[in-house]
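Here you go, one structure.
Going by the order they are written in, the chains are A, B and C; count residues from 1 in each one.
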Amino acid sequence: MAITIPILILAIPLFMFFFLGLFGMKMSHKLAGTLGTLGMGSVLVLSYFTAFQYFFSGLDIFVNEAGDRLQYLVFDQTWLQFTEKLVIKLGFLLDPISAMMLVVITTISFMVHLYSMGYMRDHHGVFEHGFQRFYAFLSLFSFSMLGLVVAPNIFQMYIFWELVGASSYLLIGFYYKKPSAVSASKKAFIVTRFADLGFLIGILTLSWYTGTFNFTELTSVPVEGLAGVTQVNIGTAESIRNIFATSAAPTFMGASVLTWALVLIFMGGMGKSAMMPLHIWLPDAMEGPTPVSALIHAATMVVAGVYLVARLFPLYLMEDSAMIIITVVGALTAFYAAMVACVQVDIKRVLAFSTISQIAFMMVSLGVARPEYHEGLGYMASMFHLFTHAMFKALLFLGAGALIHAIGSNDYTAMHGLRKSMPITHITFLIGCLAIAGIIPFSGFFSKDEILSSCGQYDILVYLWMSLVAGLTAFYMFRLYYLIFWWKEHVTPEGHHAPHDQPWTMTLPLVILAAISCVAGFIPFGNLVTWNGEPYDFMAHFDWSVASISLLVAICGIALATVMYRKENELPAKMRRALPALWTWCYHRFYWDELYQFITHKIIFGLISKPLAWFDRHIIDGTMDSFATLTNKASEAIKPLQSGQIQMYVFYYLIGALLLGGITILCLI
Amino acid sequence: MFSNILIYFVIIPLLMLGGVGLSRNIRQIRAVAVIGSVALMALSTVLLLQYLDLRHAGETAPMLFTDSWTWFAPLNINLAVGVDGISIAMLILSSIIVFAGSFASWKVPQPKGFFLWLLLLSTGVFGFFISVDLFTMFMFYEVALIPMYLLIGVWGSGRKNYAAMKLTLMLMGGSAFLMLGLIGIYYHSAPEGGQLTWNILEIAARDSIPHGWQSFLFPMTFVGFGVLGAMFPFHTWSPDGHACAPTAVSMLHAGVLMKLGGYGCFRVAIYLMPYAAQELSYIFLILTGISVVYGAFCACVKTDLKYINAYSSVSHCGLVLFAILMLNSTAMTGAIMQMLSHGLMTALFFALIGMIYGRTHTREITQMGGMMQILPFLSVCYVIAGMASLGLPGLSGFVAEMTIFVGSFKAGMADYLSGEGSLRLVFTIIACCSIVITAVYILRVVGKLLFGPVYDKHHLELTDATWWERTSTITLILCVAAIGCFPNFFNNLINTTFTPEIFAVLGK
Amino acid sequence: MEITAVYYLIPALIMFCCGVYGFITRKNMIAMLVSLELMLNAVDINFVVFNRFLFPEQMEGMFFALFAIAIAAAETALAIAIIINIFRAAKNIDVRSLNEMKF
């Protein structure tokens, strides 16, 4: 494959960022938006082409004789050389998951670019202030995210990891005049920065032991290939295993260094993927424009953590304890987020918590994946769910955006009964809900079913727990659905436009994504993406018992939601009164935000920074000042000796002379 | 004498001094300053190219362009010059900042005196970086320090007399230690009966300072230079001094003068006394490690923009000294990169703060808000500077910090595994934490100052940057981005100094 | 009873000490000048006495005493002039109050 296409995939968004950022203000809004969308469209085409080539061309640089998919390093340019061995390179690695991510990112990003042309203007068609800036930031984000997924080494991943963090900061804070948006963006950046600290230390530890940043060396064994082209079999990590097996790697606090490194790297993933307890930034990040929430905080950036674990999956396989941590964190987060999502009022918050919960599903799925269970089904299921989730969650967010745009509020209490006035939004939103609830034949059913079946093989407890969460998912999504579209008839407040479907730029992405959500489940994903590149036929292992149970659970959840929320009734209020403590805790998101508020303001600022600043001004600076004062005082003290009175001088002279004389006499005697 | 390119780094500022002295109005002064600083930039570029050519041609001497002219024969004091990759990096940095500083002080009151002192200061700075004779080096060091007093005392703001006096006295106190150390080095620069010398290269080659003396002289010189490098607990001149200094002086001081500290620590303390550097590094490692987090934490609660930036400088410069003490080539390269990066970044910050202060007449972040709506250009530049400071990839801070962390971690792990204690490792991890705290205080300022609603209605009438202000900031931003995007060029330039021979001397 | 040198020297010593004491303690400038004269005269006596007893055939001591008397006269004249001027300027000749030029 020629090198030009991958370079263009990265270069076009970067160019668009600089172009729109520097000259956008001089163009009309429409031109800037069109240029941005066209740029993204071309990247979309190139990425589809690349992915198609990778998966279906059958070239021997991508697939070996046995049919295993290989990693293919398109290019690799030295960027910064730390030592002889540790080199940061910027490159482009093509393998099943990066090809899949290319498709996901460019699809969603293109949809969002298109959608924003309609969303970022008011009812009179006037574009929002900073529209060009918005497109520049979107391009920057797309560039960073694409760079992240194609990274051939962990340090490039870290570089782009930081860049997506920064572009997410800029986009959440897009409405920079709004204090809540500013503080949300700050929170998102700082929380993920804290997680990145763990990631960084993890990278340092890992690279110190292995002497490399490259994924190909960390996770794979090179095989003979074409001259000058690096090809590797994915997934055995034999060389790394040897390093840790032979060097008698020391332990630190009872865990091996590899475990520490992997757990710390996972911490980075927890931050970006909003796993408990580092999830608090994601709900607040909904302050950003809704298309941004769809792109960054639902479909692409937040799955970076999952992607990171998937990238290093062969390493994680070597440490069972790290895998257990991933499973436990994922399972707890999934349940927590689902509980909270059941009582939120703001529809974007509901979707945000649902995103957290779904990403936790992917994490659990990775955590329970083992080669011995259906040849690592969990890994494949996780990636599959990543793919399907990106599509239907982007659909749901964009649908929510259309509702918010029509109503002018995030609150479902202002909506109710919109099914007639906004039919396209209604249908597509329903498809999204069915997909996330896991109803056959929508895409979510297949991916979630695979996750549950791999959980079932790992441990029955995890299976039951995750099934419960799946039921909750169906319940809260349909609660949201009914509350928006049914419950009672819509009443348009005085002076407002009656809600109606949005222009084609906004509905077209909804329809496309809904169509994808309908059919994506039938993609033979096992043939394309598996942890070691060997194709795996999922349908041959399809377990109807698991599938029917998960379907049953989902239907129960939907039925409960139907009973409670289809028509206006007293049942929800009764439930709330019956379980007041639980409701309050869920509504306040189990007080995590308050806890963090306490830690940052009371402890970090109040107990560390302020005393330190005081200490600096009064003790350290005081000491330095007191040196000066002391010198001054000393000179004041001896100043009277130089009185200028000759009589005093004579007196001192006389005493001195007498003393000297006395000493001389004493010496002579 | 005039055939050596290096001497022009002193001659050009001196000519500029003369030019400013003869100028009759502000236009002529500006012309002299701009032409001179462009000439300096051109000169450093030419030097860089020649240096790279020589290195490509296989030149392996530790310093190139060396030359020596006798100055005072009885004490063997020479004007000895020579440069390696580090000095060249520093020369480039200085010339860029003098250039940007000239533009930033476009409208300074009493320009003649101001530029005279500023140029005397730059003469000292350039002289310091080119000399390899300890005595000459010290002399230039003092030449760079003294004008500071007048520049802050006369052109400053706020409690300027107090700040000027404090800064000068603390730095002078440092140089007292330093002089003691340098004289000590001189008297042990040759084995019993040999010809004593001030030349760094000769002293390093002889390696004749007895170990007992090293343990005494190393702290002297390290503290002496460390005061200028804002090492905890000798940093308090920095917040007060920067807060009261005029814009260009803050830029030059934080951007270049503080680098003299780090450069000296490496060039004199560690390079000449490797034994003591290993034995005693733990003391200074603790102090500099504290600087890193301490400065960052203090910056979190300050409300004066210049104070915040000064404490951030304490943190960043602490990282420079911290990395130098790791005694391996990666960390030391990182230290020099951090000097470059911090120099440009902090100069950019001070320039922007000066420009904002010049408009709003306040530096309190509680008294400002929503600047993004009023001064979009300056605000965007401020965000870029902030992002560079908190280590966004693609800007200079990231590469410098990462190089330092990788190198320090290497040193720390090596210590830990060989049973020499986990001090280095622990402090490396503590230093890594600074990236989070930096993010906290940078985003706090950005959020309060630039975003949100407009705080003061009177600010709505302010106008955005003028062309000379744009020149100053854009130059600095381009340099920050250049380091961030092509770090390997600078890495290789600096790396040439850290040859295996140096580490053979250092014992690692 | 023979008159030895000690008989001259002890009064001279007493004179000298009185002079010193007076010079240090008196605040009036005239009094200080008088004390100074006392010291000078004590020294003159010593010169004469030592000359007479140690080197009777030489006259250097005598001349030196005469020389000192002449200088003392000139000095007194000068000092009185200064004191009168100070009195004119400050209406006062107390040394403690004459500290206008002190640091």
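Here is the rule we use: a contact is a pair of C-beta atoms (placed from the backbone, for glycine too) under 8 Å apart; a residue touches a chain by one contact, two chains touch by 3 or more.
These figures come from a predicted structure and were not determined experimentally.
Compared with chain A, the chain whose C-alpha mean position is the greatest distance off is C.
When every chain is represented by the mean of its C-alpha atoms, the one lying closest to the mean of all protein C-alpha atoms is B. With each centre defined as the average position of its C-alpha atoms, the distance from chain A to chain B rounds to 37 Å. The distance from the centre of chain A to the centre of chain C, with each centre set as the mean of the Cα atoms, comes to 99 Å.
Chain B and chain C have CA centres that are 68 Å apart.
Within chain C, no positions touching two or more other chains are listed. For chain A, the set of residues touching two or more other chains is empty.
Taken residue by residue, chain B touches two or more other chains at no position, since every residue touches fewer. If you check the complex, the residues on chain C that touch chain A are 20, 23-25, 32, 95-96, 99, 101-103.
Put simply, chain B touches chain A in their complex at residues 165-166, 169-170, 232-233, 235-237, 240, 294, 297-298, 300-302, 329-330, 370, 372-373, 387, 390-394, 398-399, 402-403, 405-407, 409-410, 413, 417, 429, 432-433, 435-436, 439-440, 443-444, 447, 450-453, 487-488, 491-492. The touching residues of chain A, counted against chain B in their complex, run 78-83, 86, 88, 155, 159-160, 162-163, 166, 169, 173, 176-179, 182-183, 185-186, 189-190, 193-194, 196-197, 200-201, 204-205, 207-208, 250, 604-605, 608-610, 612-613, 616, 620-621, 623-625, 628. Interface of chain A with chain C (complex): residues 639, 642-647, 650-651, 654.
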